[in-house]
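Naming follows writing order (A, B, C and D), and every chain is counted from residue 1.
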Amino acid sequence: MTALLDSIGYSGWVLHTLIWMPILGIGLVLWADEQRAKYVAFWWSAVVLILSLGLWWAFDPTVGGIQMESATPWIKSWGVSYALGIDGISLFMVMLTTFSASISILASFNYIQNRQRPFYALMLMLEAGVVGVFLATDLFLFYVFFELTLVPMYFIVGIWGGARRIYAAIKFFLYTALGSLLMLVGILYLVYRAKTLLGAPTFAYAELLQVPLSGTEQLWLFGAFALAFSVKIPVFPLHTWLPDAHVEAPTSGSVILAAVLLKIGTYGFLRFLLPLFPVAAQHPVVVNTMLVLAVIGIIYTACVAAVQSDAKKLVAYTSVAHMGFVVLGIFALNVNGLQGGLVVMISHGISTGALFLLLGMLSERRHTREIEEFGGIARVAPWFATAFVVTALASIGLPGTSGFVGEFLVLLGAFEDHKGLALTATLGVILSAYYMLPMVQRIFFNPLEKQENREIRDLSKREIVILAPLCALMIWIGWNPTPLLERMEPSVRAVIERVEGATIEARARVEDEVNEGQIVDDGQE
Amino acid sequence: MINEALVLSSLLFVLGTFGVLVRRNAIIMFLCIELQLNAVNLAFIAFSRLMGIDGQVFVFFVMTVAAAEAAVGLAIIISVFRHYETVNVDNFKLLRW
Amino acid sequence: MHTALVEGGQATVDTAAQFEPFFPGLIILLPLIGFLINGALALKHARVSAAAVRLGGELDLGEGDHRPETHTLPSYVGPGVMLAAFLIASVNFIRMLSVELHEPHVIEYWTWIATGTFTVDAAIQLDQLSILMTMIVTGVGFLIHVFSVGYMSDDGGYPRYFSYLNLFIFFMLVLVMGASYPLMFVGWEGVGLCSYLLIGFWFSDREKSDAGKKAFIVNRIGDFGFLIAMFLLFGMFGTLDFVPLFSEADNLEYGGSLVTAVTLFLFLGAAGKSAQIPLYVWLPDAMAGPTPVSALIHAATMVTAGVYLVVRSSVLYALSPIASATVAGVGVFTALFAATIALKQNDIKKVLAYSTVSQLGYMFLGVGVGAYATGIFHLITHAFFKALLFLGAGAVIHSMHRSLHRTNDHQDPQDMRNMGGLKAFMPITWGTMWVATFAIAGIWPFAGFFSKDEIIWQTAAFGGAARAPYPALYQVYWVIALGTAILTAFYMTRMMVMTFHGSNRTGVEEAKHLYEAPPVMWLPLMALAVLSVVGGWINVPEALRETFIGLGPLTSEWLHRWLEPVTEQAHHIQEFNLGEVAEQAPFGGGEVTWAVISTVLALATVLTSFHLVIRKNVRAAAEDPELSGFSKVLYHKWYVDEVYDRLIVQPLIRTSRFCWRVIDARVIDGIVNGVGWAARGVGFIVSMFQTGTVNTYALVLTIGALIILGVSVF
Amino acid sequence: MTIDFSRQLHYVWALLPEIILCVSGMVILVVGVSGRYRHAHMAAGGSIESKSGDDLGWLALLGLLGAAMANAWLYSVTEVGESSMIAVDRFRLFSNWIFLLAAVLGILISFAYVYRQRLQAGEFYALILFATAGMMFMVGARDLIVVFLGLEVMSIAVYTLTAFNRRDRKSAEGGLKYFLLGAFSTGFLLYGIALVYGATGSTNVAVIGEAISNGEASMGLLSPAVALLTIGFAFKVSAIPFHMWTPDVYEGAPAPVTAWMSAAVKAAAFVAFLRVFMVGFDAIYALWYPILWWLAAITMVGANLIALVQTNIKRMLAYSSIAHTGYLLVAIAAANETAAAGMLFYLLVYTLMNMGAFAIVMSVSHHSEERLYIDDYVGFGWSQPLLGVFLTVFLLSLAGFPGTGGFMGKIYLLLGAAESDLWILSVILVLTTVVSYWYYLRVAWVMWMKDPETEGQHNRIIVPFPMRFALLASVGLILYVGIFPSAALEFARTSIEGLGTFGGGLIGQGP
């Protein structure tokens, strides 16, 4: 396989292709006629997916740094370049994106009944944007893609969403934009520092890594970046946009949102926050703040999820809890925690994505998402129920599914230095059963009382095609995550080494400054 | 000498400003503005005693411009009067908030 | 995967040169294959029956040979894979018997999780303990599978049932054969999952579905402890594989706080899985599942996993006197507590459920006093007689159910008040169940006598050890254990009498439809009955064998010696730190004396209670008056469920609601929306300056000008 | 060619674009009052088919083309000798491009409006040309006298244009308000000029700068002078609290005039503002920097907040334009080369996007003054998808979204602010940008996301050819600049060269 890929120069063009193919697809979709747009969009995204699969082999798992790099000057006077690259952290995010994009397009065939062409065009635009976010190695380019993902999502939620779609869309948009614009100022600060150092401004990630920053500067910049990413993740208490957005979004929007958009935040932590501001990232106040927020997120949102009457909202809240695990893993600041965080990201993408797909299929059939409206559906739709139970179990981290591997590693990592917090976070294991099982029971089990429920159809062939790979992945990752882990490890190690490499003097300096009361940690408010 | 002239100029200017603030008749307001311009002219003339001829040249330009402004301004006031039958600015409140 | 297993098996033989495993991977793999086949059939069948449900009816299963193929194949595949697995396990067992195996035999298949600092392989560990557990699981499992063929024959979810059952065996084998804590945890939660699925097998019934959910959630509380223990262990040892971990454990300080924490958290896990106080509440509810499931999961195998866990970690427990005392204490109090509740239950399965909780308590008492092999011993005998009791109860319920169903009677088929006099209709069931009752009551020479007596004796001996940590405490334990044995004899006799003796209370018409279970069901009963008699003879202590109680040459202390490689490390620690155990019980008397006393007491209780209960006028459920006084408290299980609901469940739900409705919706969203509204409010107010009057504009302009002038000039 | 201002005739060459504009304006006036046009216009009765005024429009465009050619030609000349009243530098020429662009777009979008509203085409187009010439005077001025003259040439023409629609009450009212307040503020500006003259003895910006840095100026006169000049310019750029006229005038003025003036007048004022302050008052940066800091901050915050509650789209865009003033004031407060270049670039992009947005507002209102409420846009996107997408692009660009020129402009401004360490101001800028998202996106959601109660209310929208051209050009340029900004950025950056040396920006600290 590797030889075949080499012979076509795969690693030279694939990254560009993954961004530009979907953009090209926008044109194709708009050009196709209304009824065929969905097929065009699906097959196009499937081609992108297939192209991205080659990364599995083309990626060199021994390299810790960024590979397949390429950079073309874009805005010379600002030092901006169109620079792409991939490493163990972004590899799976990219594949997850192409995968969930295809899946969610396929899942929209019935759901989206009007204005199909713009819908699929926006989906492809979203795909391009998200892939770009994960591939960009230039902060300017990253920021551009980061913001570009907002627009299609805004319209997808706002146009094809539910009753309160506009509120949800604008809330999503403003929340995210607030954080990201402050990050922009942070980026510019870095660039300005780079300019005074190098003589010319640069946005290149590799060069910005070289910029020496004082402890105070790091803390401020960390705050700016962390706010942007924390909103995106979302970290408690910045999470309230998420349930609204999820509930109102059409199925495919929810899927993409859960599967990849949230990951942009945690990806940002791994790619930018930790390496760029290593001193701030290990400052005890910062670490403890982030960990406490993560743990609150895990416990609190699990509780809130449990009392939701809207199934989609319930799953939306569980997303916050899952992402809390990721943050916990990241700020454990060790190999286990980070790798676990990455696995949770992947696993959450698959399992929560699948849950949203299933709930979408359910509401397509019944036109409601109220849990109370269902009951006993396993009797009329046994395959549906099977898929749902498998997914739900993966979501609550049953061993043997992908969810367990990630959460286990996260908690293992967090436990090394933060026993109390990790112990509290582990309570999330109990709470996950507390929110998930009652929902499964009330929808699929219990007596089949309502006539409408009796008429619910089982999975169609298309739906099986959508769900089967997802379920297979959940179980495969649960039993054999090593191929994933070994591809991540060098990159994760590089991040850890960078953080640990930040000198002890620098750390001491920061502490002195804090003791003198010069800085206020604004990392999270 | 220059100080007295400047004080007078500024007094005139303040007077003009005050007029604009308190009067409601568009034409009177415009006249107050003219008063301000003349205050400036006075300052220019005063300065030009020390600084040379430029100031006096400037005054001519100001006068010319003031004349042009007067022409346009009065035309606009007439236009407004056609619609409102008044030149009291308190009545022109179609555009607000 | 098959080939990988076999190859892997052959590749790593040299860790124990003498022992040659015989396809051990297949033991695990076979039930998985069975699960896949049955699962596929179940899915296929489910579509058909779903179509029928959608039309408003139920699928007509037909009788006998006319059943759909989805129903015949599981009958062979389900028990078939179990038999095959049992045979392979037996081969391995026999091979192990013939060699001296001091070190566990670990077979690695693939790297499961490897992050660079933490590695755990998908590996199985063959040693004396795991092979024994494997034998129990596959052997008893096979019998119960066979029984199920008869018991479930009328059920619409037949293939689904067998797929769950096979899956359960798969996870149970992962649990007992896994070579590391994480892998054990996979099985640990996996069996929990299957338990959940099987308890809620008839998911259309809200109560049954609730029971499954309750089991899962309560188990997860235990799993929380297991997880924390694993994290602590990883911090202490840097590995979670059994072999390196336990060999490192020798270096730990005796009674250290870390090891105490680890063992206590592990015990939380064990308490969840094995239904000990305070997490026992799910097990009685779990009786909602099909009765063979209760026999397999909730009596013979899964619920004993906690005991297995403690024995597996015996090194750690031996190092922590506090944890051991806790284990023993929780065990003995659970034994007593559950036994009291069992006294007043009328549902035949509930009695057995509380009896199981109680017996599990005995096992924990055993492992808590350092008698690890004895704990396992009771686990084995209990697996035989409790499985037999449940299957017997299953046969009774099966018969009752069919009879009530045919006569359109809506009485509860599990309520003993509706039974009575069944001896006449079901003689085999009656006979085998009495065997089991004698066994559980601890009557010589049935299996339970040897195992339970050993536990009680070890408690006394441990409490009297030279440097025993809390001698008084152990004496209390010993007294309670003895007392509970009497209670056990009483409630079991009561159950037997109410079910099989006295007058028939089913009703005349119904009684015509009562009959003995088919051979496919009673054959396993017979097999288990035999085991319930002779099962105890594998481990008769030297002291008893010197007297007639030991049955002479028929018996041996085999189990103790067999498990010695697993437990010797723990025993060394214990001996080193506690000194020799006592030869005398607290009130004097040696092992033999007390064995005689206890069996006499038990026999006396059985006889007395038989006459007491048979004379009591038991009325059918519908006519039975409400209980009062202390009986009512016992009948209502000390109101523990209600207390939990009041103290834990409801507050949790209320807190959750508060978090959602107040913190999320009011506070956080309130701030978010408030900022939005405030911005627009300010905007609105500021826009009010835009009055439309030129003078206002000029005034604002002038004020601005004055400010700027002021700032720049002064 | 070299221009030597010691020879009076060379002023003609240096002012060639302005002269061409003035001449063509006069020609249009003369042609416009000739019987043919007057008659044709009246006879047609303002029906939409009448194209009588179009000829004059094309004539005006021809004049603009001539000016553009002259402007291009000026790139080839070099200036020698004493510094004069007129600058021939790239800074001026770049600004000229902005005015020419604004005028071209303004005229292109006016065609339909002019005949729908039966405006006198001749005077209308001529006044646009005159005003453009005034702007050019303003930005080319190295002498405060010329600045003043240019300002007045521009202002008087714009006053007239504001009140141009005599049939419309609002137009007249807006014109009056603009006129009164404009003249009032001119008084402050003039007084400032007088005091500068008194303090330094010159009205030439370069000489003033030298005098100040040599310490020859009287600070007692200079500080009120700078304050008064700030007030005068702040009025023209409509910074809060000197902005009060803006919403009223923008709402009252004929829509194409609003579109054009919101971009061009602001640009002219800003460029002159920048030149006077950065070249003339560079040495006393510390004196005026805090004033501009606060002006920028208050303007950004206030305008964005008020814009939130607007229901009329013209008025909303007016407040949005004030908000953009705030962003641009950051550049002046930063006062360094990057900021200056950023300002030029931003003005260019702002012209495109703001006029584009107004052009669509005009087509939705059927080239009249109706249906201007945001709620009238319900269902607009789906019945006019192309226009809807265009408006969305314009709004996203105004909001500063990546992929559009507005984003690049904002980044440029922020980079300028960064160089002067204006971090707090940068944060205010981005925070108020978030606020602005709300009202820009409100239009987007009204037109795409709300379901209309009545169908077909946007079916009769007509976009005549010139406006179509203007829209396509604007969208194309905005996207082009948003995706490939290098050429434009480079152009803006090189246009700053030779403007002067700035040292002031480097001493900036938080106020």
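Going forward, a residue touches a chain if its C-beta (ideal position, glycine included) is under 8 Å from a C-beta of that chain, and two chains touch if they have at least 3 such contacts.
From a predicted model like this one, the values you see are computed outputs, not experimental measurements.
Chain closest to the overall centre, judged by the mean of its C-alpha atoms against the mean of all protein C-alpha atoms: A.
Summarising the inter-chain layout, the chain whose CA centre lies farthest from the centre of chain B is C. Rounded to a whole number, the gap between the C-alpha centres of chain A and chain B is 64 angstrom. Chain geometry summary: the mean Cα position of chain B and that of chain D are 25 Å apart. If you average the CA atoms of chain A and of chain D, the two centres end up 43 Å from each other.
Chain geometry summary: the mean Cα position of chain A and that of chain C are 38 Å apart.
In chain B, 17, 20, 26, 29, 89, 92, 94-96 are the positions where the chain touches two or more neighbouring chains simultaneously. For chain A, residues that reach two or more other chains under the stated contact definition are 174.
Listed for chain D are residues 176-177, 180, 184, 247-248, 438, each touching two or more other chains. Under the contact rule stated at the top, the pairs of chains that touch are A-C, A-D, B-C, B-D, C-D.
Taken together, the chain D residues at the contact with chain C in this complex read 176-177, 180-181, 184-185, 188, 223-224, 226-228, 230-231, 234-235, 241-242, 244-245, 247-248, 287-288, 290-291, 302, 304-310, 435, 438. Within the complex formed with chain D, the residues of chain C that make contact are 676, 679-680, 682-684, 686-687, 689-690, 692, 694, 696-698, 700-701, 703-705, 708-709, 711-713. Chain C contributes residues 687-688, 690-695, 698-699, 702 to its touches with chain B in the complex.
Residues 171, 174-175, 237, 239-241, 300, 303-304, 306-308, 334-336, 339-340, 376, 378-383, 386, 393, 398-400, 404-405, 408-409, 411-412, 415-416, 422-423, 426-427, 429-430, 432-434, 437-438, 441, 444-448, 454-455, 458, 479-482, 485-486, 489, 493 of chain A are the ones touching chain C in the complex. Of all residues in chain B, only 6, 13, 16-17, 20, 26, 29-30, 33, 36-37, 39-40, 43-44, 46-47, 50-52, 54-55, 57-58, 61-62, 65, 68-69, 72-73, 75-77, 79-80, 82-84, 89, 92, 94-96 touch chain D in the complex they form.
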